[in-house]
């Protein structure tokens, strides 16, 4: 009961918060009365038209596919490397400069090189995005792996936890806040880079659409596409990430 | 003695690691023998020429200034908001959708709106970068603030720690890994967005130069600028971030 | 320090999923100024819960604590040392002192608690017994109105425990602190307390109070043993 | 379980900045199979250090442990409970069991240790005494070759401590475990051990060993008290 | 009074900067009481942003954008800058001889699916050869430099590129398959049509008409100088050569030739009539997405050069 109540209250607050954002936007649009800031209604109208007669859904689908693939690859590879570097100071000293170089490589350069080397295709696009995101995951997870509780580590060694048991029951819960931070900021980063990569060399996707409309300076369409994809990301956040997180945090609430 | 020894060994490993990276690059360039992958020597030559007769130093200076300003603003604002949201579930529920919206707003759109609203100036550029980075810092620090040790919290309350003492001696050390992750991934992100922002509306900076040379498909120059700035970021990492981190982690080593 | 009244009619821990643990039901203890009271009760009965309410750390209960703990100067030894791992032993103690007293010399105190050579070390370099001493020093260093101790003298050998008890009692006497101590060690309680409060198993309440009239210097080992035997015979500890 | 030999000629903690703490110097203890040995020594002398070496958790020392602890099946009660806060009490225990035994019924064990109603709870919901019981169950559940206990029976009232001692001793007898226990409670040591090993202050070494020949059932309160008085008179605990 | 400033958005190595530099060097602006100030920008996107943000008085952009802005009620003006157009480029030895041969080939398209040259090429292929290029060929949209590189390495069989990329490729021996100007003529355009031009911002147009006229005159004068074949022209070109990033003499000559060829010299009325025709065609094939709500070229778009 209490829990159900809390949930629906939360949903209501969330909806109210989104509504407030819309109202703010509308107010700004009215105040500005400029073509550079269309009202929510105009954007909604564009979205409806584009969804019915245009490529909105196809473009979102294409982008989403790239985002998901790059995200999964980047999280898996980045977590493995990050934990490895966090636990082995020697490996860290050896590979830290490589990591920093990749982390600070401009997305544009990485994307262009990928396109040149792997061809103007889907594989190059996903690789470019993953390469941009991996070092990011690594540096976050490395901090997590460095701040593990040594007491629990000793306990697991004494009781000879298998690597799988250790990873799942000792490591993962301690990394959870870092994983959450990496996933959340990572999802956003991935989709921002997908936009860039699409702009440089893909024939579809939200990034492609935004760049086309941007060339025509159709701000309504640009905002429309941005908002549409942001809505998708909000849905992922509230329907996937947050429930997962809530499960991982149950023990904190129980003991609170 | 032991410490000095460890340090110089570490520096040697680091140098070796960078050297290995260069060798790899050289090998790849020789194998590829393509205009699209110039050798390190060619890039170094370009850098020397551009430093002597071109705008290399001025461009790096301009970009560095923007990076530093946006970084400082984003870290300060983002940390404050992140800690606030992490400690107050009510505030979090209310503002989470706003945060997610900003986090997932395409950098391009934010940059364009900033330029149009604030004029084509430094202020707009720095604001655009900070706006892109702030939500990133927030989501990382929020996780940190959520996983604070309740036992130490109680101790601090019983002994009536002043807010300043609490922030400095209880909060900050617990946030340290999250701050390190946010700072490191943040510095990289900031500089990537500065590139974009420069590309869209500044008459100088590394991003401006990269995009100009990219139009000419002068990969040597593009890589040269990228490498030059990556070198600056590596220097910041090794001369500023890592010593700071080492200080913050002293207690772990002492007790290990 | 005024008279302190703890009156907890009910304290129940509730999970978000609805299950509940009733920890305290109708516990009332009144402390006279300067009094030393020991709470004694079976493991898991609700002693720490009671102390957290007394400290003002838990406000989700029915009942009241008068005066409001937020108005008191309190020193606390938690059941675990709870030191800041990233600050040295000395910093851990000084950070709990009011800013104007932070620079005060503490050499005597460190010496009395056997910590002289550990001042500059981090808590992770201490054995548990040494860490407990730090937490004891932290609790008394400000000469608080109210001293709350949750099993302070465990993980210590008999001689060290005796020395530390003496050092703490000296501070208590000097500052006329009111003291609430939880212990499982009946001999220790008899040696130190003005009054023993025996608690029932969870949900806990007071089942018996025993006043100990003898002045502390007169409490030799034989007297303590006799009292203990008497209490055991009466079944008070059951 | 073979004969166990612990021989630590030196153990020094060194900081990166060069300062050092010498914890052990020339400690040698040999355990016969199935023997129960108590280590008794002043606070901070190096007991936990010795146990960590014995467990194979610390390899940066001079000396040797034979056989290699990595080859032994070990149960350990650390000085703090060290439970996984994000797993329930029951999961904490089952995760330490070999995979093929994970599904074994544990009702009796939980009942014997007073944990029946806490199986599904998280460690954060336990009092310290309850958490210690979990860590005790975890240590004996697999019937290890070697049982290592670092002050296992503190934070417990006398009756609970007595019950738990009995439950642990039953498991020890059933599986013929070799036991090394650290305690500050001399009465407890006299009640349980085959041999008492008294340790010197830091850097620690063995200063005296006392074998206790009486069979355990014959060790009544009076006998224990007598032994204690005798040892105190000899100054062994000093 | 001091010289009146006119801020013009330029790309560092773009053709506009060549003209602006010539105006400044030769003092064509000062002679008219102007001070032309180049505002350096990194890309054409940046130019559009600067224009919207009011940071420049003029940029060089395409006719369609100008028409779109004007149709939306903004009193901007357009003045032809260059009639040089992009083209479909193929390697010299390519078996592709005509538009029909593009079927089944990969073709890079700069500017994306709504690029006007691409629309014209598709319409042309449909009419002339009966093939639907979007389906029959494999178009690859992407950044022009990237497509140029891909054409050079052979990953693409052909590429529809902007003229400056074409000029460089020509200098390397690549072949023009068909130019956008040729395509346009197929749709009734009678002469070289300047599809890129100066777009003057609203406040500038409304507030400083004299400066606008003076600027146009200076621009014409600079073009006339650069178009010459005498020593003065050579000197002027040598002066701006650093702005051209020509890797060799061949590229320099190709860029110069193309620039000169593209200088618009027809009367505004003729330009306007041709623009009107092409606009109708593009509105037909590109639809609202491309041209916005207006079906025909908005009136008064062209700056009166008189």
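Residue numbering begins at 1 within each chain, and the chains themselves are lettered A, B, C, D and E in the order written.
In this section, contacts are C-beta pairs under 8 Å (C-beta built on N, C-alpha and C of every residue); 3 or more make two chains touch, one makes a residue touch a chain.
For reference, the UniProt names are A, B = NitT/TauT family transport system permease protein; C, D = NitT/TauT family transport system ATP-binding protein.
Remember, predicted model here, so these are calculated numbers, not experimental data.
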item	value
For subunit D and subunit E, chains touching each	A, B
Interface with the most contact pairs, given as the two chains involved	A-B
Between subunit A and subunit D, centroid-to-centroid distance (C-alpha), Å	48
CA centroid of subunit B to CA centroid of subunit E, Å	39
Residues of subunit D touching at least two other chains	15, 80, 125
Junction residues of subunit A - those touching two or more other chains	36, 112, 116, 214, 252, 254, 256
Residue list for subunit E, restricted to those that touch at least two other chains	45, 52, 143, 146, 149, 153
Contacting chain pairs - touch in the sense defined above	A-B, A-C, A-D, A-E, B-C, B-D, B-E, C-D
Residues of subunit A touching subunit B in the complex	10, 13-14, 16-18, 21, 34, 36-37, 93-98, 100-101, 103-109, 112-113, 116-117, 135-136, 139-140, 142-144, 146-147, 150, 177-178, 180-181, 184-185, 187-189, 191-192, 195-196, 210, 214, 219, 222-223, 226, 229-230, 233-234, 237, 249, 252, 256
List of subunit D residues in touch with subunit A within their complex	52, 55-57, 74, 76, 78, 80, 82, 84-87, 91, 95-96, 99, 121-125, 138
Residue ranges of subunit C touching subunit D (in the complex, touch as defined)	13, 15, 21, 40-44, 47-48, 79-80, 125-130, 151, 154-161, 184, 186, 237-238
Touching residues (chain side subunit A, partner subunit C) in the complex	1-3, 6, 253-254
For the subunit D and subunit B complex, residues of the former touching the latter	14-18
